[in-house]
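Scrolling down, you'll hit the structures one after another.
Across the two complexes that follow, chain A remains constant while its partner is chain B and subsequently chain C.
Up next is the complex of A and B:
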């Protein structure tokens, strides 16, 4: 399984994250400095080769899961 | 920093994930079995104590970031 995280680039404004940070502050979580919001995908793959799985998931991110103009991604592979 | 992942519980239908899995199949990624979609948050905390940070992030998830009826969450802490 691939666990993919897609986040906005640091220079891109993140109104959802800002809103959540403010809401957490109002709930009493005063230690919160910043929140950045993003997307998360768990992809189950039928692929035995770890290098091939890694290359495929990178291509999935480039082609569909992330918008390269404003987002960046990272992922881990788990299992076979 | 806390890296929080919020996903739908396994029994909850995930139309976004199903749509993404189909789209990946159409793009030629035939090894994709299943996609589950979720949310991802990076929370920067001003908290030196790791146990306190862990407790606070758990409370943030319970109170705001996740809907306990249909979602579950997990997180890692990084740094101080």
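Up next is the complex of A and C:
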């Protein structure tokens, strides 16, 4: 299984994250400095080779899961 | 000579397709028909419109799934042939996702969905989408979006500005492009841009919803009339 995280690039303003950070502050979590929101995907693959799985998931991110203009991604692979 | 023929591309979840046909065909008298996103035939169309809506429910990112619809390869070829393509609202988002326009449209800076009338300053009338307008004059039309916050890296924005590719900018009633008139947080108050070749336009506001006095204004007609003019000019020997 691949666990994929997609987040906005640091230079891109994240109005959702800013709003969540403000809400956390109102709830009394004074230590909250910044929140960056993002997306998380769990993708189960039928693929025995880890290098091939890694390449495929990378392609999935480049093509569809992330928009390179505003987002970046990272992922981990976990064998069944 | 026959009237210009507009193709209106319909994805699952498109909602402004009928409004576009009404404005283009019923109000302005041009030919217009729907093209389903699984159709692969764009023969006979002079111009394409990608209307607003929520294609594929805006899943993943607005326009991200529609961008891989079968029709989009044909839309790309159509654009590469130099013919006019206009993306309105969700259509703009799809054109950005498809790489036919630079940049991206992210969540409005205040997180609200905004449905209201805006004033647009026309920055460039030397395009197939705006030559019926006048520089410095404003066009009034509605917006209706939650993700219309145009963003691009600094080099891209500078290149757009330098080459006159920012066609529409949010402005106040007097035509001043001020941040208080910006409804979504877009960089440089950008509301609409064209590609390098000048034949693909994306804009967040809805010209098709400003097509009759009864609706609150007719300024949107200038956009479709401009496209029709340029198509007819292109056809002349």
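Definition applied: the second predicted complex is superposed on the first by the 79 of 80 C-alpha atoms of A that agree within 3 Å, B and C clash if a C-alpha of one lies under 4 Å from a C-alpha of the other, contacts with A are read in each partner's own complex, and residues count from 1 in each chain.
We adopt the following convention: a residue touches a chain if its C-beta (ideal position, glycine included) is under 8 Å from a C-beta of that chain, and two chains touch if they have at least 3 such contacts.
What you see is a predicted model, and the numbers here were worked out from it, not measured in a lab.
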| item | value |
| --- | --- |
| Per-residue touch tally on chain A - higher for chain B or for chain C | B |
| First (chain B), second (chain C), both or neither touched by A:45 | first |
| Which superposed partner A:5 touches (first chain B, second chain C, both, neither) | first |
| Touching partner for A:19 - first (chain B), second (chain C), both, neither | second |
| Partner chain(s) touched by A:65 [first = chain B, second = chain C, both, neither] | both |
| Partner chain(s) touched by A:56 [first = chain B, second = chain C, both, neither] | first |
| Touching both chain B and chain C, residues of chain A | 39, 64-65 |
| For the chain B and chain A complex, residues of the former touching the latter | 3, 5-7, 17, 20, 23-24, 27, 29, 31-47, 53, 56, 59-60, 63-65 |
| Residues of chain A that touch chain C when the two form their complex | 8, 11-13, 15-16, 19, 39, 64-65, 67, 69-70 |
| Chain A contact footprint on chain C (complex, rising order) | 60-61, 64, 68, 96-97, 102-104, 106-111, 149, 151-153, 185 |
